[in-house]
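Okay, so chain A shows up in both of these, paired with chain B first and chain C after.
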Partner chain A sequence: MRWCFFSLLVRLVKIMDVALPILSNILIPGLLFAVIAGSFSLIYSVTRVLHLAHGATVITAGYAFYAALTLWHWPLWLAVIFSTAVAALLGMAINSQIYERMRKTGSVSIAGTLIATISILLIIENLLLAIFGSDTKFFSDLQGQVNTFGSVNVTDNEIRIMIFCPILLIILTLFLAKTRIGKALRAVADNEMVAEVVGISSRRMRMMAFAIGSVFAGMAGILFAIEYSLVPSMVIMATIMMFFRTILGGIGSIGGAVIGSLLTETVTALTGWYWNIGWVQLTSFLFTFLVLLIRPQGLLGKKKRSL
Partner chain B sequence: MCMKNNAIWWVIGIIIVIGLGYLVFNQPNKQGTTSPQPVANEPAAPAPAPVADNTIMIGWMGPLTGDAASIGVPIQKASQLAVDEINAAGGIGGKQIKLVSEDSKCDGKEGSTAGQKLVSVNHAKFVVGGVCSGETLGAAPIFNENKVIDISPSASSPDISTKGGAYVFRTYPSDAMAGAVAAGYAMQSLKAKTAAIISENTDYAQGLHKVFKANFEAAGGKILVDEVYDTGTTNFRTQALKFKNAKVDVIYIVPQSPPPGVAIVKSLKDQKIASKIISSEVLMSDDIGKQNASTVEGITGTIAYMDDKDPVATKFMSAYKAKYHEELAWPIFQAGAYTDVYLIKDMIEKNGMDTEKIQAALTNLTGWSGGAMNNVNLDENGDIKWSDFSVKQFKAGKLESIGVFKFKP
Partner chain C sequence: MILLITHLLVLFAIFGIAALALNLTLGWAGLINLGFMGLVAIGAYASAIVTTLHDWPMFAGVILGMILAAVASLLLGLLIRSMSGDTLAAVLLGFNFTVYSVGLNWTGLTRGPLGIPGILRPELIREDRFFLVLALALFALTLLIVQRITKSPFGRALGAIRDDELHARVLGKRSFRVKLITYVVSGAFAGLSGALLAHFVRFIDPASFFIPQLILVISMVLVGGLASSKGTFVGALIMTFVPEIVDLATTLPSATVGALRAIIFAAVLLLVVMFRPKGIFGTVELPSYADRD
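Now for the complex of A and B:
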């Protein structure tokens, strides 16, 4: 009996040796994308717009951070505030100049907004390419030192991600649950017409959703840029990854975004470990596809009400 | 209220558009204190030469933007130096030469577009390039179809020997040698029995990957982990963890350009890996050592051997430094690009503009000296005959040679 227990313990320790690093591999991109996908979900649930250009907001914030810090040599705190502000302004500008205008002319259909948002995505990607060039921008200093915790080696920035992202998600959830504006946002997300009747300006709430969502995207964008470096082609990649993680978890649900991201990263990490890195995209898409076959609204998604 | 809101947005919008236009068309010097990229040089503009009817167009093809530009731009400048020197000395047969440079972004598709443009629009009958194997292979069919002589100073994929075609030549040895030398170094000098390979998904890197694997396994070694990553990957954490877990003796890294290479090494060092790291020539530059001294410390790599004490080489290097006020980042590639222009000049002088005749003359060329190289011999595939490879190591940010290996076929 004792031998049984001991060998199990040894096996457990050996697994931990491998499992903990894999876990860190899951948490780092998983938590980052949870914030990105979560804010994307928020925007969708309040405005019913599939704001795919959200991915562009993330990367633009990263480039704004690069410009402020590396090109103009601003202090770190100023660069962070600047990047977040740029992200927020970008999101709000896209909303007011494009989506709201489309609403006025009555052309806010799924196809219409999809064309608009993808166009903005491509325009932003090419603008970034034209301004910053196609070479990779690194932030090696900010990645920080490597810290060893047993079998896990994480850089300072990776620790930052693992601490800040959950905090951001908690703040977002509490904000939505407890504050007046949060409740108003949820009201509009739930039923726009009834919310208007009760006196909530859905137009203002939509702008608020874009503002808040883009702020979170901006903060995630800074951490993303430091961890993964910046290349203009990341705009499309980040958007696709964000989108698939969101629909896996169920669009319209922030908890779904978190679960979708973590689950996808788990599949990615396990595929990369036991198989080969080249297959990672394939398996994660396959997995998402299979889940959607069984549960089309996503893991935590609500059954769609007709619009 | 609505109107005022709108006006404000318009004003902001116009300011942003003007600002963006300024940024786009007035590139600031892209210096980065935290970026490991070298200062983005502008490729050399051709020295003012009258574009008359009696101008000989020589094409140049390579990455002038993107991650591989740190290799492509210095190489272009070396070719431009040769062109300027020749023009100053009276040109070729009284005619001035013009170097038309195309950015092929180290990519096969872009290579074929660039090659097409050089042939159809610029009517170049001679091209120096590509720098990368992918773009060279991409443009090769066009050069062969149009009987355009192409000499590459740095493309090293073994495929170019067979798939390059009759009109593609190179003054840099095939990776069939480099991979064997790296494997030999790993087995004999490092006494490695197990290895892991990580290579980029490009023609060049996969060619080298196959050669190293074949040679290492033929000598009795075992490849425990073999990872291929796509161009554009920037995070290698998972691969680094896998390598660490496999506890291999040696890790062979084959990036296509410096940035992913440096990122891979950083990930490996972050995970405190004990294995020895061998790199392909993509990281073997003093420039990279300067910017990433602590990251690349201790890494070894192979690169074709260049005797930089040779008088023709030193003459070229001094001329380069005098003209561009910078050290040579890739001496061997730059010497090759410089030499290729002189080789073309010599061929035109001996054979006129008849590229068919020149193709025959270049095939199995023996004992040619000129430019920055001596005793250039090309074989029946258009490959330069070569046998000496350096193994170099980064020590305190500088590359030091730790041995010269002879390749024995």
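Now for the complex of A and C:
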């Protein structure tokens, strides 16, 4: 009896030895992208704008962090505040200068905003390229040393991601559920016209959604930059990854962003485990596509009312 | 200078074919076709691979590229049948991304990020100015075919389906079939432009067919105007030559010039979408989807 228990324990430890590294490989990028996708989703649900340039906000925050910390030698806390502020300003500027103008001229259609947002993406990517050059920017100091827990090796920054990202997601959820502004945001997301009737300015709430969403994107961008280093071509890659994860989970819900993100990372980890890490982009997209064939609105998305 | 202008004119003809093909789906069929460069890539890779590795003549390679791109477009059309709005945009962008990803990773077929160099041209059109004749002739042919299609009863049915699918179906138009045929024709011309590009530049890699090029072709269509062949002609002309001004007017390092050029055409596209979404000669608005809540 005792022997039987012991062998079970040994087997369990063996399984954990394999499972824990995989789990950390899923959680680290999964949680990071959950924050990015969640803030993208928040902006979408309030403004109905598919703000793909959000991916550019993330990477721009990373570059702002690099500029403040490495080029200007600012202290860490100031660099964090600076890059978050840059992200927020960028998001708000894109909203007020482009999306709101398009709304005013009535040219705000899906295709119109989509093409506008992809153009912005390309402009920002090439501005970063022209300003910072195409070489990779590293943050080896901040990545920290490798810590070993049993079979798992994680760097300081990966621990930071696993602590901060869930906190950010919880703050975002609580903010939307409990605070006055959060409730107003949800009211606009739910029904703009009714929200206007009870005195909530949907224009202000759209601006608010862009500000808050971009702040979260900025914070995720700092962690992203430290973890993966920076090159300008990441703008498009990060955007596409964010977009697919959000659509998979169902756009417009933060829970969907978390689920979509973690599921995609699971597929990614399994692809890396059984096949070749180069193919992860393909398999994760095909997985998303198969889910969308069955549920076009995504896993947690609400079915759209048809007129 | 003459060499540069010849070079640009060939690019104008090749991208003009691509823009006409995109306009068929984006303008006439009302599909927000973000997967378009994937089709161009299929045409380019098909022709490049069979002519460099299997010694096919260029003519056969181009035909193969057209067929494969048309088939891919058909399959894509079948798969996206039930999708709309954001999901559709994501899937189409994802198709482009899938082709890019396969191009990068299937190194046995595509040589991955190294790309395929040394793509051959037949003796007759080895020089750029003779290639220009071929490219312009094919561009004219494409223009003619697209005009014939869009002016025909089929084209009017297509326009009706784009503007009000339900009514068109009530009137007995088989909307799905009409759209599928359009996708196939568009795919074939996308493949043609890709194959021509491969044989003209003589080098392709996955990054030759991605978001920047997609934005370039979309800007050609939108500057000229949706659902207008004349517009696409003018748009392609403008978007081929205007960004070159940066090259000629400045002495910046080439990496910066590349970035500036991309910024210029993205900015032009942004301004057009914001202030004149119908373009110069456009007749219709960008597609929007009625089923958005």
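One rule holds in what follows: the second predicted complex is superposed on the first by the 296 of 307 C-alpha atoms of A that agree within 3 Å, B and C clash if a C-alpha of one lies under 4 Å from a C-alpha of the other, contacts with A are read in each partner's own complex, and residues count from 1 in each chain.
As a convention for this text, a contact is a pair of C-beta atoms (placed from the backbone, for glycine too) under 8 Å apart; a residue touches a chain by one contact, two chains touch by 3 or more.
In this text, all values refer to a predicted model and were calculated from it rather than measured experimentally.
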Fit-or-clash call for chain B and chain C when the two complexes are aligned on chain A: fit
First, second, both or neither for A:V194, with chain B first and chain C second: neither
Touching partner for A:I171 - first (chain B), second (chain C), both, neither: neither
Which of chain B and chain C A:V13 touches, first, second, both or neither: neither
Which of chain B and chain C A:Y228 touches, first, second, both or neither: first
Which of chain B and chain C A:P21 touches, first, second, both or neither: first
Touched partner set for A:L78, first chain B, second chain C, both or neither: neither
Which superposed partner A:N276 touches (first chain B, second chain C, both, neither): both
First (chain B), second (chain C), both or neither touched by A:L127: both
Lowest inter-chain C-alpha distance for chain C and chain B in the superposed arrangement, angstrom: 5
Chain C-contacting residues of chain A that also contact chain B: 127, 130, 133-134, 276, 278
Parts of chain C lying in touch with chain A, wherever the complex brings them together: 26, 32, 34, 79, 82-87, 89-91, 93-94, 97-98, 101-102, 104-105, 210-212, 214-215, 218, 222, 255-256, 259-260, 262-263, 266-267, 269-270, 273-275, 277, 285-293
Chain A partner contacts - residues on chain B that touch it in the complex: 5, 9, 12-13, 20, 23-24, 28, 30-37, 40, 65-67, 69-70, 105, 201, 226-230, 232, 234-235, 237-239, 241-242, 245, 259-260, 263, 266, 269-272, 292, 295
List of chain A residues in touch with chain C within their complex: 48, 50, 98, 101-102, 105, 107, 109-112, 114-116, 118-123, 125-127, 129-130, 133-134, 236, 240, 243-244, 247, 251, 276, 278-279, 281-282, 285-286, 288-289, 292-293, 296-298, 304-307
Residues of chain A touching chain B in the complex: 18, 21-22, 25, 28-29, 69-71, 73, 93, 96-97, 127, 130-143, 146, 148, 153, 155, 227-229, 231, 233-234, 237, 268-269, 272-273, 276-278
